[in-house]
């Protein structure tokens, strides 16, 4: 199996406060890798560093052998990394379908600026109208994939919370990524819903041949679908291994059960 | 090089720079707490200038009382500016864009109200000192300018003491650091913001009177009150020491540009400086630049 | 003749407002310097036709292009730096002021005295034709993938970046488009009033333009057009003096922000279908009321 993402000695501090320190791990192509750790351990910071939202203080992010450290987010997305957000970030006033269409534009440019201006006349079918129609069909396909096609024309902010998370996944998939980062996809879901979601993630991962990297607090979901786990605490590496190993790791148990350490 | 000309230019620059500092302090104070650019502030200064003018020429009071009246008037105006135009936006957490539009609306309203009711003419203050200038090392300095500089230093010193050492001052600093956290910890945000606008208004009052004495009172004073933003940006938006230093730097630079380059290009230079600072040094000399959080 | 004059003015303002709507309403950045682009358009067109004798139909696209190019001067550094939205606005304000002072001091613009005796090219059919073309282009731009990118940025710029959208490129493109429209508006204005002067293009003018967009509703094209017509026509009909008009505009801006920040249309477009839907909804609401009682 080839390596999809390599993280080398990644560190980030905000004005002297260390968020993550010296993290090193690899994600293999085609696996589902989970990153877990107590609240405030720096998991989302890792995502932000990979996707270019933050610049690392030290260290490297290497994607498919290419150093992408410090590149702007839109370039990183173009290389094939897409993500969702912990605090859902949809285009709130747009419909579910429009949210996905917006993401589709990246890999499916249907027409250029000149035809936008000059080749879109009322009542006359043209390149622009054809392109838009095709994109909408494609977008529908992604909504079906995550099972929210019934909500296609609903305003994103008016959708139920759990479905907004699914819409975010659909939007990320529309970017046609090879590596998908999911930031707490099951947050706010009950155990039943999160199990259903874990099956969905597994299905999609296999159908689209994706590498998945996810942050999650629902341990049942994590243990169910992850091939590999990376555990951090206070911004530092705590353990790495497959779910069975992690579950038996005393350091991990200690971090999760607290043992009087503040902030865990 | 002509030393006495350089010295004279410096003195002239310091005199106007002192007023810029005063304006920038008030403007920056509001920026520090509400985190938006209060474009209406310039018009509060303009109205303060008119208040001082009417107090002295119509009520025939002395400069001290005129200054006091202008400060009270501008403080009140500034307070109501916040209550009418911003407080409801603040309560519903509107984006900064809305605050700025509301501020521009207030600014247009106030300026044109003066045009419509008082008129566009220039109103000169009565003469204050019989012999208006003194000589320092061969350079002439207006007595009024000297008075303005001294008064400005005192006012800024008092403000600084108030903010650093009183309980209310600590509330203001807490609120400007993080208004939500401050509110949770028992700071009455509405009252603190009201107070900040009054304080800013007092500074508008002082600078308005000094500007009026120097350049007369007229509704189209926006070109000069806009310098408050420039000075505040140079010093760092939201920083009070920055506002003071920024004002003085801007005053001196402008003075040198008008003497040694071109007086007509002075304003192009000032606004060019503004843009250069915003682009290359958005935190200015002393400020902090907050990026939006993810 | 009088009515014609008002209509021309309405459409000229609507052209500039539509352009700014693309920028402010769809990328969420506020400009207080668009009067500068109107000025660039006005002066370019006036100098081209008067000084160099270039035909109007060539001078007008030149005006649009020149305004667009000038917008890059301020747009490239400020948008590349990804300034916070409020810092950007302050920068545009400074830029507008600097441009005006520059125009007052350039020999080719005849300084503060301005340029008089311009030919009267902005007649009703011409202005109407250009208005239609500009609205057509704007509509095409907004309801395309380019407009979609801009809207995504307005909605959530971080999510937009993570959807592969280049903030700088999209914002600059919108700014260029809006500046070109403002340039056309300025050029038409110059050949309507037949006299231009730097102090016609102050930050009050910029603010009024922004006010038109805000009042019309950010995220709408028809809203700002309606607002532009109202802003010109109502004071004309009531025959109020210029300064009272501005007093009212100022108060109106504050009132909109406090009471109805979404403006007249707010994210919606005016259309015949929309009206039909509105009345149909009205009907169903009444029906429901009937069944309850």
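The chains carry the letters A, B and C, assigned in the order they are written, with residues numbered from 1 in each.
Heads up, the rule we're going with is that contacts are C-beta pairs under 8 Å (C-beta built on N, C-alpha and C of every residue); 3 or more make two chains touch, one makes a residue touch a chain.
Only a predicted model underlies this, so the values are computations on that prediction, with no experimental measurement involved.
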{"item": "Chain nearest the overall Cα centroid", "value": "C"}
{"item": "Two chains joined by the most C-beta pairs in contact, as defined above", "value": "B-C"}
{"item": "Chain centre separation (subunit A, subunit B; CA means) in Å", "value": "47"}
{"item": "Centre-to-centre distance between subunit C and subunit A (centres being mean Cα positions), rounded to whole Å", "value": "39"}
{"item": "Inter-centroid spacing, subunit C versus subunit B (mean Cα positions, whole Å)", "value": "31"}
{"item": "Touching two or more other chains - residues of subunit B", "value": "294"}
{"item": "Residues within subunit A bordering two or more other chains", "value": "53, 85"}
{"item": "Residue list for subunit C, restricted to those that touch at least two other chains", "value": "158"}
{"item": "Subunit C-facing residues of subunit A, complex", "value": "51, 53, 72-74, 77-78, 82-83, 85, 89-94, 98, 101-103, 105-106, 109-111, 113, 116-117, 120, 128, 132, 171, 175"}
{"item": "Residues on subunit C engaged by subunit A in the complex (per definition of touch)", "value": "137, 140-141, 144-146, 148-149, 151-152, 155-156, 158-167, 173, 219, 267"}
{"item": "Residues of subunit B touching subunit C in the complex", "value": "35-37, 39, 84-85, 88-89, 94-102, 104-113, 115-116, 222-223, 226, 229-230, 233, 237, 264-265, 267-268, 271-272, 274-275, 278-280, 282, 289-292, 294"}
{"item": "Interfacial residue positions of subunit C with respect to subunit B in the complex", "value": "28, 30, 32, 74, 77-78, 81, 83-91, 93-95, 97-98, 101-102, 104-105, 158, 203-204, 207-208, 210-211, 214, 241, 243-244, 246-247, 249-258, 261"}
